[in-house]
Amino acid sequence: MQTHYLLTLFGGALSIMALSAFFLGRAKAARERSAGRAMSAQPDQYAWFAVIATVGPALTVAAMGAFLMLLLQARLATGYLLTGSLAIAAFGLWSGMRQVRPNFHARRAIERVIRWALVASASISILTTFGILISIVFEALRFFQLHGLWDFLTGTVWAPGNSFLSAAGRGGDSQSAAQFGSIPLFAGTFLITAIAMLVAIPVGLLSAIYMAEFAPRSVRTIAKPTLEILAGIPTVVYGFFAAITVAPLIVDIADHLGLDASFNNALAPGVVMGIMIIPFISSLSDDVINAVPDSMRQGSLALGLTQGETIRDVVLPAAMPGIISASLLAVSRALGETMIVVMAAGMRPNLTANPLEEMTTVTVRIVAALTGDQEFESAETLSAFALGLVLFVVTLALNLASVLMIRRFREKYRVNHL
Amino acid sequence: MNRSSPGEPLTHNDNAHHELIIRVRDLDLWYGESQALHGIDLDLYRNNVTALIGPSGCGKSTFLRCLNRMNDLIPSVRVKGSVEMEGRDVNDARTDEVALRRLVGMVFQKPNPFPKSIYDNVAYAPRMHDLVSRKPDVDDLVEQALRDAGLWDEVKDKLKQPGTSLSGGQQQRLCIARAIAVRPEVILMDEPTSALDPISTATIEDLMDRLKLQFTIVTVTHNMQQAARVADYTAFFHLGEVVEYNDTKTMFSNPATKRAEDYITGRYG
Amino acid sequence: MSQSLDEITLQLKRRHRQSRLMKWLSMGALGLAGLFLVFFFTDMLMKGLPAFQQAQIQVKAHYSEQASKMPPAAVDEDIRDLVSRGWLRLIPRQIQDQPKLLGTTRTEWVLADGQVDQYLKDHPNRLSEDARARVDEMVAQGRAELRFNLRFFTSGDSKMPELAGIMAAALGTVWTMLVTLVIAFPIGVMTAIYLEEFAPDNRLTQLIEININNLAAIPSILFGLLGLAIFINFFGVPRSTPLVGGMTLALMTLPVIIIATRTALRSVPDSIRHAAFGVGCSRWQVVRDHVLPLAMPGIMTGSIIGLAQAMGETAPLIIVGMVAFIPDVGGTITDAATVLPAQVFTWSGEPDRAFVEKTAGGIVVLLAVLIALNATAVLLRRKFERRW
């Protein structure tokens, strides 16, 4: 616990310096002012500037140092780094105090710092995307060195079973030991997504049409938030529901019809996922349909068209970019959905179009690969990142397409809230 | 206003036809609690242009929308009194407002073409109404409607382009073409030129002059010169009442009421 | 030339029917969604509520010397298989803690075995015919009954369903959410302030915007991969801890908070900003003293919703190892922990059927918390809603 102790000491010393910077700075500024000199900022602002000058550089150096240590794997003593930072803090305190003089614009300096802090915050979201990309790409590349990209994309057998042997160099012919053909996984993912969309798009869109075009105001104000409850239910709960309630129900029904269904059939997670996605579609579609100008409806009604025809032939085509955008977002959501399929779909890769059979998905295999007992270097673990990379690329494309679609709609009707 | 006995025409214009097409009697309209129209009596004549003028908020647009029951779309609106067409009350519960709107078309203040091609904007409604079905018939009808609306020469080479790609004045003429393509009896125009430039306005005024040979036109305007130019009859609305209804020449040269005179001479409005 | 009103009305019949069909169909769709909601909640309550009760039986407990070495000796042989083994195991410790107990025999209500519990709740169970008869007899004598299951709320995980509770997971959730909030809230609000109030409208800003929208829609499991590869493998943050879980979820929650804050900031009318600029405030002072206070309710609402979303998240936490088996309540942000949804996930994988009701019970608690959070957000919005 040496580092713990050092860190506490460092924190304490830095806070004391910051405090003294604040009070010294304020006192000096107040003295100057009472001496009758016109100051370009308030004493408090000088005080805060002194604090920033003391703490800012010191913390930056400490953080950069720590990062470098991590990067170079150098075990440079933490003590040196922290002492160095404290020295910088002391220097900062001294220079900060020197700046307490009438013609220094402390407020502007502070606001420059604040502005940079805001920019730094904003860059975190960019860093996150890069972080995801980097973490996935590097490991995925390592995977593709072990198993070719082509085999991964076109192979129809996913059998990572013995990969630890080949990783240990004892697998002999690695092709026979472990196979990473991702087609069955993607087939399963797409089938389950398709089932989900088959449930979500009709129900969601029709609900939106009812809420936006037919329902009295009172129904709409209740129905919309009620539907959104569906989106707030954790996916793990849906997964449990799919596995414990829906899957046995489907097996029973299939039994009645003389069909053979697995308890891990693709239909149960698909349907439940569809239900989860209903509010995504209904909510966004409702907004979009409402944003279609009323003059459009009136123009159609004034020609003697019925309300149904007006909706079908005028309102929906006008809202189409928004509806497509919502659907793309929903597809992206379904492709990446994890818990429902982990709990209700199967583990066994299975290339089939029969939704009553057991099949597995990309996300299921990612979870399986990363929660097993393999060491991190094994091909199976790395395969999770390769799968993640494909998932990232596909969802990114869908999301961007969705954004472009909604922009088109927004520009056409000049609505800003979408 | 001078009320004649029912059945008698309310005004006289020697140059025009006098065939009655819509007879409005004692029409009241409320938005929730506030009354917007007070006992309107008005006769509209076939193949004439009738202009409704008056200061904004006087109820002229509201009245116009009573004629094809577009006010039904506003839940709080309540209507009393009779609007008679083809010998039946438009407001009667048995009258199908959708059917009514085919006989009484409408053109709006702001052009509102559908998000479809120019061709489909015109062809859509006639197709739905089964007026035409064979492709060559549809083509003929679209061409005829666009010609009648004076738009054909400008768009004949780009019928597949979206209706929204046209200029404002062209869009409004497209909306007129769309309205006449379903062969209505009456066309209501709610300030059809107020969003347009002067040249487009002049084009549409000429158009109204030609269209009245085939249709009956009721137009709302707050441009008095326009009313004077295009209308055969003019009704002056104020505070939800018809203050004066007369043939246009009389209305503008020798108004019978002080209020109409004040408005026409620009003392308020 | 024209058709008459009556002719048209007649023609319209079919089309009106179609229009009505559309209305009924769309109403039916909404009804279907509502029906599902009702079915779902009923199903969860029916499955989960029994978890709040647990079978207890009245036994004579012999705190003898022998029992302190071989716990099953503490109860008579005929009901030995009906008593929770978890309770039996605790006997030596109890005797150690309270030496006075040694040698006494007490009549006590103790936890029954999980199978007895399932039998009393009419759920499928593995109890033998003979044992069922004995339980029935005890029920008749008033020596076996279902009581409120306090242990479910106060204890940690266990492999024995009758002992398992959600407290450890709940605590893990609290720690994780704390980390998430401490990281995501300031960064999210600051990002939104920058984008809304400071940023020039250039390519970079647009890129950041698109990027945020994209982050909000990226599958959550990919955040787990980031947590694993960067936080754990690169920065060496300890695995399975609320610290790494909270950091991962913070990145996920960030876009939600940013988007909500931007909406809130945008709803503050420009007239307020102009007025503040007019009295000589700098841009930052305008934001700090005038815009932020007015936008605060919206920011809070958005943050609560974001937090609720993070609270239900499981997939990325599984990847960073927060599915640990945590039998003891306690621990800090750098100790291995689990969270409520992850606990639900682990229980759902237990083969023992008695865990089904524990799982559903955990779900009921989780849903109750989430609904409470969302209701708070809605109330907050209602209370401070302002129309400009």
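Remarks
Just so it is clear, A, B and C label the chains in written order, and each chain counts residues from 1 on its own.
Note that a residue touches a chain if its C-beta (ideal position, glycine included) is under 8 Å from a C-beta of that chain, and two chains touch if they have at least 3 such contacts.
Fair warning: this is a prediction, and the values are worked out from it, not measured in the lab.
Averaging C-alpha coordinates per chain and comparing to chain A, the farthest chain turns out to be B.
Among the chains present, the centre nearest to the common Cα mean is that of A. Each chain gets one centre point, the mean of its Cα atoms, and the points for chain A and chain B are 55 Å apart.
The mean-CA centres of chain A and chain C are about 19 angstrom from one another, to the nearest whole unit. Here the spacing of chain B and chain C, counted between their Cα centres, is 61 Å.
Counting partner chains per residue, chain C has residues 8, 12, 15-16 touching two or more of them. For chain A, the set of residues that touch two or more other chains comprises 304, 306, 309.
Contact with two or more other chains is made by residues 98-100, 102-103, 128-129 of chain B.
Across the interface of their complex, chain A is touched by residues 8, 12, 15-16, 18-23, 25-30, 32-34, 36-37, 40, 43-44, 47, 186-188, 190-191, 193-195, 198-199, 207-208, 210-215, 217-226, 228-230, 233-236, 251, 254-255, 258, 282-284, 308-309, 311-315, 318-319, 323, 341-342, 344-345, 348, 356, 359-360, 363, 366-367, 370-371, 374, 378 of chain C.
By the touch rule above, chain A contacts chain C in their complex via residues 70, 107-108, 110-111, 114-115, 117-119, 121-126, 128-129, 131-132, 134-136, 138-139, 202-207, 209-211, 213-215, 223, 225-227, 229-230, 232-237, 239-241, 243-245, 275, 278, 282, 304, 306-309, 311-312, 329, 332-333, 335-339, 342-343, 363, 366-367, 370-371, 376, 384-385, 388, 391-392, 395-396, 399-400, 402-403. Within the complex formed with chain B, the residues of chain A that make contact are 216, 293, 295-306, 309, 313-314, 317-318, 412. Residue ranges of chain B in contact with chain C, taken from their complex: 85-86, 88, 95-96, 98-100, 102-103, 128-130, 183-185. Remark: chain C residues 1-5, 8-9, 11-12, 15-16 touch chain B in the complex.
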